[in-house]
Amino acid sequence: MKISARNMIKGKVESVDTGMIMANVKIKIESPDIITAIITKEAAKDLGIKEGEDVVAIVKSTEVMIGKE
Amino acid sequence: MKISARNMIKGKVESVDTGMIMANVKIKIESPDIITAIITKEAAKDLGIKEGEDVVAIVKSTEVMIGKE
Amino acid sequence: MKISARNMIKGKVESVDTGMIMANVKIKIESPDIITAIITKEAAKDLGIKEGEDVVAIVKSTEVMIGKE
Amino acid sequence: MKISARNMIKGKVESVDTGMIMANVKIKIESPDIITAIITKEAAKDLGIKEGEDVVAIVKSTEVMIGKE
Amino acid sequence: MKISARNMIKGKVESVDTGMIMANVKIKIESPDIITAIITKEAAKDLGIKEGEDVVAIVKSTEVMIGKE
Amino acid sequence: MKISARNMIKGKVESVDTGMIMANVKIKIESPDIITAIITKEAAKDLGIKEGEDVVAIVKSTEVMIGKE
């Protein structure tokens, strides 16, 4: 399935921290960047997200802001 | 100012496509990735976003999804 | 690819209205519901979204609000 | 009050799972679809969301992505 | 209808700028703050949003970030 | 750093309620309004968010809906 979200960045799961409802997943992309994704605990379980796995961080482009020094 | 958004990825503006209300900004991060940001035309103008400039793509972590093959 | 977004609703494209930067896509799901998706013009083109096609409306669960009479 | 969010889908609360800060609410719409909403615990309490109740899932159209096989 | 979105800020429409697909609505809340809302053109029309009208800016709490000097 | 998010509302932290993964931060802006922000626990800690502090609530304009009586 192709999806309309424009941003798909490949990386590796660095850590998964699971709470009661949500999970905080750290994804290592190009060094030194880490992307943080907050997804539901059930999605983390459903996808079987574990440290060291190859995943893709997906972001809809309307959610991206820009900062400039 | 520090902000709570967890994801800040440095890159360079690759292109700016401006419509009547919104603007589509392509940001080149680590090759070969390009991040697409949809921001208001007024924000693009206010920040003076132009090709070749150093910017930061900012994404709140609750907006990041995860995909897995 | 499996994705973490919890909401995937099958439907048919009812109409595509394309602006300079964004596109408004109407997706018919179970009668009488229509889902409106605002995606980039480039995503609409890249996926080749046309009236009558089978698509899936995808929504991250942190984006769903609840209303109650 | 009318609101600008384009997507309002009627359903029934199927389950409410409450954590410390967030709550995961499953809403049954047309069979076999279930919509997952992540809202604050306080909102779930404030609206008195309970299994079997009629609710409306509300989604701003800029939050809807499209997938296509 | 009560909705789960935690943030409802009363204000007056200051301006409406309509594009092909989206509209940029400025809402004056307590002086000197202006809130900018990007909604679909169809929603702006459907609600009959016009300068000087009383409206409510609605924001889901998962969409609010925090900045600190 | 300037950021593209159009909405920055100054306020004071009224309370911080921390869960396992997320934190619920109440920000008092002009009386009687309170803004609720759901951010990660790590962001709340990283910014050192505490009651009584001056902060800025930041919202991307594509996340603002409009309600009208």
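The first chain written gets the first letter, and so on, giving A, B, C, D, E and F; residue counts start at 1 in each chain.
Just so it is clear, a contact is a pair of C-beta atoms (placed from the backbone, for glycine too) under 8 Å apart; a residue touches a chain by one contact, two chains touch by 3 or more.
Note that the structure is a prediction, hence the values are computed from the model and not measured.
Novice: Could you tell me which chains make contact with chain C and chain D both?
Specialist: A, E
Novice: Note the shortest touch-path length, in steps, from chain C to chain E.
Specialist: 1
Novice: Could the interface between the copies chain A and chain F be described as same, meaning over half of its residue numbers are common to both, or is it different?
Specialist: Counting shared over all numbers used gives less than one half: different.
Novice: I'd like to verify one number: the distance from the centre of chain B to the centre of chain E, where each centre is the average of its C-alpha atoms, in whole angstrom.
Specialist: The separation of the two C-alpha centroids amounts to 22 Å.
Novice: What whole-number Å value describes the gap between the mean CA coordinates of chain C and chain F?
Specialist: About 29 Å separates the centre of chain C from that of chain F.
Novice: Where in chain B do residues touch two or more other chains at once?
Specialist: In chain B, the residues touching two or more other chains are 1-6, 19-22, 24, 36-40, 42-44, 47, 56, 58, 60-63, 65-69.
Novice: Each pair of chains that touch: what are they?
Specialist: Listed by label, chains in contact pair as A-B, A-C, A-D, A-F, B-C, B-E, B-F, C-D, C-E, D-E, D-F, E-F.
Novice: Which chain A residues qualify as touching chain F in the complex?
Specialist: Touching chain F from chain A are residues 17-24, 36, 38, 62-63, 65-69.
Novice: Under the touch definition given earlier, write down the residues of chain C that touch chain B in their complex.
Specialist: 1-5, 19-22, 40, 42, 60, 62
Novice: Name, in rising order, each residue of chain A that touches chain B in their complex.
Specialist: Touch residues, chain A against chain B: 5-9, 24-25, 27, 29-30, 33, 35-39, 43-44, 47-49, 53-69.
Novice: Would you pull the chain A residues touching chain C in the complex into a rising list?
Specialist: Per the touch definition, chain A meets chain C at residues 1-6, 37-40, 42-44, 46-47, 56, 58, 60-62.
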